[in-house]
Amino acid sequence: MVVVMVPEATQEEVDAVVQLVRSAGGDAFVSRGVSRTIVGLVGDVNDFDALNLGSLSGVVQVMRVSAPYKLVSREHHPARSVIRVGGVPIGPDTMSVIAGPCAVETPEQTLEAARMAKRAGASLLRGGAFKPRTSPYSYQGLGEAGLKILAEVRQETGLPVVTEVIDAESVDMVASYADMLQVGARNMQNFSLLQAVGRAGRPVLLKRGFSATIEEWLSAAEYIAQRGNLDIVLCERGIRTFETATRNTLDISAVPLVQRLSHLPVIVDPSHSGGRRDLVLPLTRAALAAGADGVIIDVHPEPLRALCDGDQALVESDIQEIAEVVTVLSPLMGRALTMAESSAPSARPGALAAR
Amino acid sequence: MVVVMVPEATQEEVDAVVQLVRSAGGDAFVSRGVSRTIVGLVGDVNDFDALNLGSLSGVVQVMRVSAPYKLVSREHHPARSVIRVGGVPIGPDTMSVIAGPCAVETPEQTLEAARMAKRAGASLLRGGAFKPRTSPYSYQGLGEAGLKILAEVRQETGLPVVTEVIDAESVDMVASYADMLQVGARNMQNFSLLQAVGRAGRPVLLKRGFSATIEEWLSAAEYIAQRGNLDIVLCERGIRTFETATRNTLDISAVPLVQRLSHLPVIVDPSHSGGRRDLVLPLTRAALAAGADGVIIDVHPEPLRALCDGDQALVESDIQEIAEVVTVLSPLMGRALTMAESSAPSARPGALAAR
Amino acid sequence: MVVVMVPEATQEEVDAVVQLVRSAGGDAFVSRGVSRTIVGLVGDVNDFDALNLGSLSGVVQVMRVSAPYKLVSREHHPARSVIRVGGVPIGPDTMSVIAGPCAVETPEQTLEAARMAKRAGASLLRGGAFKPRTSPYSYQGLGEAGLKILAEVRQETGLPVVTEVIDAESVDMVASYADMLQVGARNMQNFSLLQAVGRAGRPVLLKRGFSATIEEWLSAAEYIAQRGNLDIVLCERGIRTFETATRNTLDISAVPLVQRLSHLPVIVDPSHSGGRRDLVLPLTRAALAAGADGVIIDVHPEPLRALCDGDQALVESDIQEIAEVVTVLSPLMGRALTMAESSAPSARPGALAAR
Amino acid sequence: MVVVMVPEATQEEVDAVVQLVRSAGGDAFVSRGVSRTIVGLVGDVNDFDALNLGSLSGVVQVMRVSAPYKLVSREHHPARSVIRVGGVPIGPDTMSVIAGPCAVETPEQTLEAARMAKRAGASLLRGGAFKPRTSPYSYQGLGEAGLKILAEVRQETGLPVVTEVIDAESVDMVASYADMLQVGARNMQNFSLLQAVGRAGRPVLLKRGFSATIEEWLSAAEYIAQRGNLDIVLCERGIRTFETATRNTLDISAVPLVQRLSHLPVIVDPSHSGGRRDLVLPLTRAALAAGADGVIIDVHPEPLRALCDGDQALVESDIQEIAEVVTVLSPLMGRALTMAESSAPSARPGALAAR
């Protein structure tokens, strides 16, 4: 059950709802969005019916929500949301490219990758300083030193930073450097981490787990929302299937389906889905044509020397093609490309021809 | 191992290759394409090396092919193939829409669906007269009576007919009505059927099995090719995964990947992949943007009364949008839309905006 | 809807039911079992209610069945069935081992494998003469020559023969040699083949498809039953999952679950499930302890020279252990081992200790 | 690369290895087991070869290990390990039952479930105080209050306690109550948690992730081992597949396969695998017959009132059957049942007959 407050609801009005619910043996979680405040109730719905919550001051509406997720559901929030990351909007009217190196390795590599990202049409910089790796013997990232490099490159290029956080303890530290906190696929049901980023005051990029159903993915987003943070962007990055020709199987249908079930933006990671450089361009076109609100792409100045996932990173010669794709598709999809600089070419016949 | 003959190779020259291989304990399969003839060898490669096949009259080239499929492999046939169905080309330079009812039910329903198909931009008519269904208690199709309806509707509309064949016995009968024979997902490894359609003198639409790897799919195509028929179009129609929110999971990555591995055209079935009418449009956009050579779509004048898969059929109000998608995307993808009539609108900003 | 006839129902009584159903626009399929005859109805249940079928002469009971399969359902046939293959019973009171070579290669190899099978406790001989292979360049079997070898080895050893049939055309020919017809995993939804074996007058071993749900598997069995043949044994042989360490993933839970849903016997193929010789013994123990009515196992005198699936074949040194497993587990599971000869050792502590 | 030290190696000798490796630009992790100390090296193997580590004092052996996991690999530790939990051994010579309620709800429910567990043959008590649930609106457990109940029930019954820990922050608190720390399926790749339990001085029960390959599972165990804790028991609990008739698909093949790849004990959770009470008994028999070192089972005095997973909990009437299964199978598998009290019946024919 969800209680929607009027935009101008006071703290006292919200507290009154929470206390009444708790007095009836339930619990209540407050989520303050930009335009309104929502209170999610946990407990026996029948007990709450007797409380006449709708009659309390400041309450607009009391809704039963049938899905296991409520605050992130489109059922109770029909308008699709816009999430702002360092001033850059991600939502239904824009097309956003996030790009950068899989892992931050050196200041030079990161700066060069960020410049490639800009030329590709990116308005946000990705880069991992903490890398959760299957084997403890694989490269684990630079840690806080990597975050400092990202902050410097942001200073240099103007690109806000998206970076992964891997445990609850380090959320505040990472948030002090990052514009957006990424929760990776392996941590999608690390509920302590979800609750910590829910309190961190930064927008969150929530990747879908390897084998998470759409319902589980949205329920994970609900854990973040329940702690008061509705600034969540969902990222489809491929699921695990029997097919071994690709690293993962991009579930392209998830894009339009999640947009029907949730008001949150959905972007796609064509790099980790396919795990092959030669699939990034066609999967980017597919994702944006399916209606994705953006893409997140690995680029690297020297993929052969990359410490992480070099096989899937785009190189300099791919950059112009990505720029063309987003330039051509954004107006056709009724969206504005959120570019850091305007250097992309105009549309021409055959611009998207498969290469 | 594959022996490529000169275009003007005589039957005697081809027979000489076959006999030499058989004399060495191997076997040989001849495939006559439009422009050249290929002989695929089965047996011990080392034995064949000693035969000096390259020195025989009429032989252009002798190739070792590493994949378990050879004739359909791009490794030995770098140029992507064009397959003609009733005069309509499917290949790298065109974008083709096949549309029609899932099942042929009545002459009126089929004709009306064919007219919807044409308005949607289709140049080929689909429609099932033999329906392989999970339960024997589900509707199994009209059989030959359905094929007669399809032939009449072809007469009326000019659309060549694509229809499913479900066993080797009925291949010749179905081929006498159809312009293209469809092998369904459940029969992808029905090798007797594959060999029968390989001898049928009609182009074949080979759907990917529910849980077939890309290698298994191309190996199934090889069974058809080995019987002399290289006029094969592959159709990605979704694979089986743990996700239950969609009927199947469209493996969009398979489109560019198969185009790298095989010279055969690849189209996508957005209707059976998602199993939901509201996903057909975004999945069509995604498929074509990923580089698919076409799509095959269910349409029905009255889906609520459909005897088969009514949930996924497009209705009249969707037709204009599909027409816009293919009109806008074909030039951008560097392709010509193979339309039955030219009634589609021109491109305008926002034409593809997700709805 | 299912109509159960009295054991002594005449042909006229059965025909009367069928004609009444057809006159109401439906269709009816007659299955004659050993002890009773069942008529399965296809069409609108509400139409049939009005027919008062229960009042017809010879009718015991008219039942609505909710599953998409009816004749094979335990809902309408609570007692678990016993299927006899060349006189050997497979069912709830026995434990049956089927063993032999994956493919029939030579008379000597087949005879030697059959003798290994007997020493392992087998009462039935398996062996493939028609091998449906993923690639057309893999060994496809000896065909009818292989069936003749099997018939000779049956003569020599007394073991009834289980062998695969791969298309409807060859069902009668294969049935003239075999005691039991196997339908392989790739053909589980080859409905023409299912209907042909349903008319062949031989018991059928129906393997589960790579990615078939239990409901689809039982629906496939229904296609056979509907043609009048209820002598069906189901075989779990592993399903396709993301795990690549084993060839397939043995779905051990399917054994008890299918026994609850269907009255048909269920056996397990530990050889094709794991695809590794070292897993055959533990998976055999697991299958029989889970309650399987038997197992089907690959054995080969010289696996390194096997033309098909040599990695998974048991060798001479494994035979004694398999014999011990079935000897020890059969009484504990309340079953009699259906052995061709009585040479197995008696139970001793540690007899099943993992090796 | 792994350096094995002599049993009596001093701290100085171990430190010397670590410092030499670090001076060469690598890193080293020390694991002290009961009988020996192992140092795992991270970095370039070629650099380490030049160090002549084998010549250092206290070093027995220097091994290259090819798998992405090393310390948990059987390649470098051929003898299968025995892990002791509150004095109870889990390993190759014993058969251990862990049983109890899915969630601790009240002192009475927990005590009653523990008594059921003992009667079922259990030597260890399971019970969750922290429940990671897909939806934030599901029951999340009693927290520390639940741990206190478990400690009281241990006092009452003598059963050591196995309980889940869900984040790094609470590891020490949970470890102060528990005899064994469980890491759940959703947290299998929560590397911060794995490292925290690696330092906690308690044995760990590591459940396999929903879609984790065997290699990923063992690599997760390696994260724990690398922090100095080799007291790890692996638990197969079903993987995610397309089959929806069971909650998960028990990967029974993983039991013998992991025992070949790793020296760690492997147990099976038949309750969460099948998710149905009627499958627990056959899956328990299958698991133990496959060679599992134990099972972990949900029991509940009143499943209809359970706050978590009541559908799969065994009830009083099932207890005797479980006791019979473990009593009968343990000697046959060459194992001693680690029972808390000796009240189980002796073996009789038909004792395991499927019910």
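The letters A, B, C and D name the chains in turn, as written, and every chain counts its residues from 1.
We adopt the following convention: a contact is a pair of C-beta atoms (placed from the backbone, for glycine too) under 8 Å apart; a residue touches a chain by one contact, two chains touch by 3 or more.
Listed by chain with UniProt protein names: A, B, C, D = Putative 3-deoxy-D-arabinoseheptulosonate 7-phosphate synthase.
Bear in mind that the values here come from a model prediction, so they are computed numbers and not experimental data.
Participant: Name the chain whose C-alpha centroid is most distant from the C-alpha centroid of subunit C.
Facilitator: Of all the other chains, the one whose centre lies farthest from subunit C is A.
Participant: Determine the centre-to-centre distance between subunit A and subunit C, using the mean Cα coordinates as centres, and give it in whole Å.
Facilitator: Inter-chain centre distance comes to 50 Å.
Participant: Could you tell me the distance, in whole angstrom, between the mean C-alpha positions of subunit A and subunit B?
Facilitator: A distance of 37 Å separates the two centres.
Participant: For subunit C, give me the residues that contact two or more of the other chains.
Facilitator: Only 211, 215, 240-242, 244 qualify.
Participant: Linking chains that touch, what shape results: line, ring, star, complete or other?
Facilitator: complete
Participant: For subunit D, which residues are in contact with subunit C within the complex?
Facilitator: By the definition above, subunit D touches subunit C via 211, 213-215, 239, 241-246, 249-257, 259-260, 273-274, 278-279, 282-283, 285-291, 328-329, 331-335, 347, 349-354.
Participant: Which residues of subunit B touch subunit C in the complex?
Facilitator: Against subunit C, the touching part of subunit B is residues 29, 40, 42, 68-70, 132-138, 166-169, 186-187, 189-193, 210-211, 215-216, 219, 222-223, 226, 240.
Participant: Mind listing the subunit B positions that touch subunit D in their complex?
Facilitator: Touch list, subunit B to subunit D: 211, 240-242, 244.
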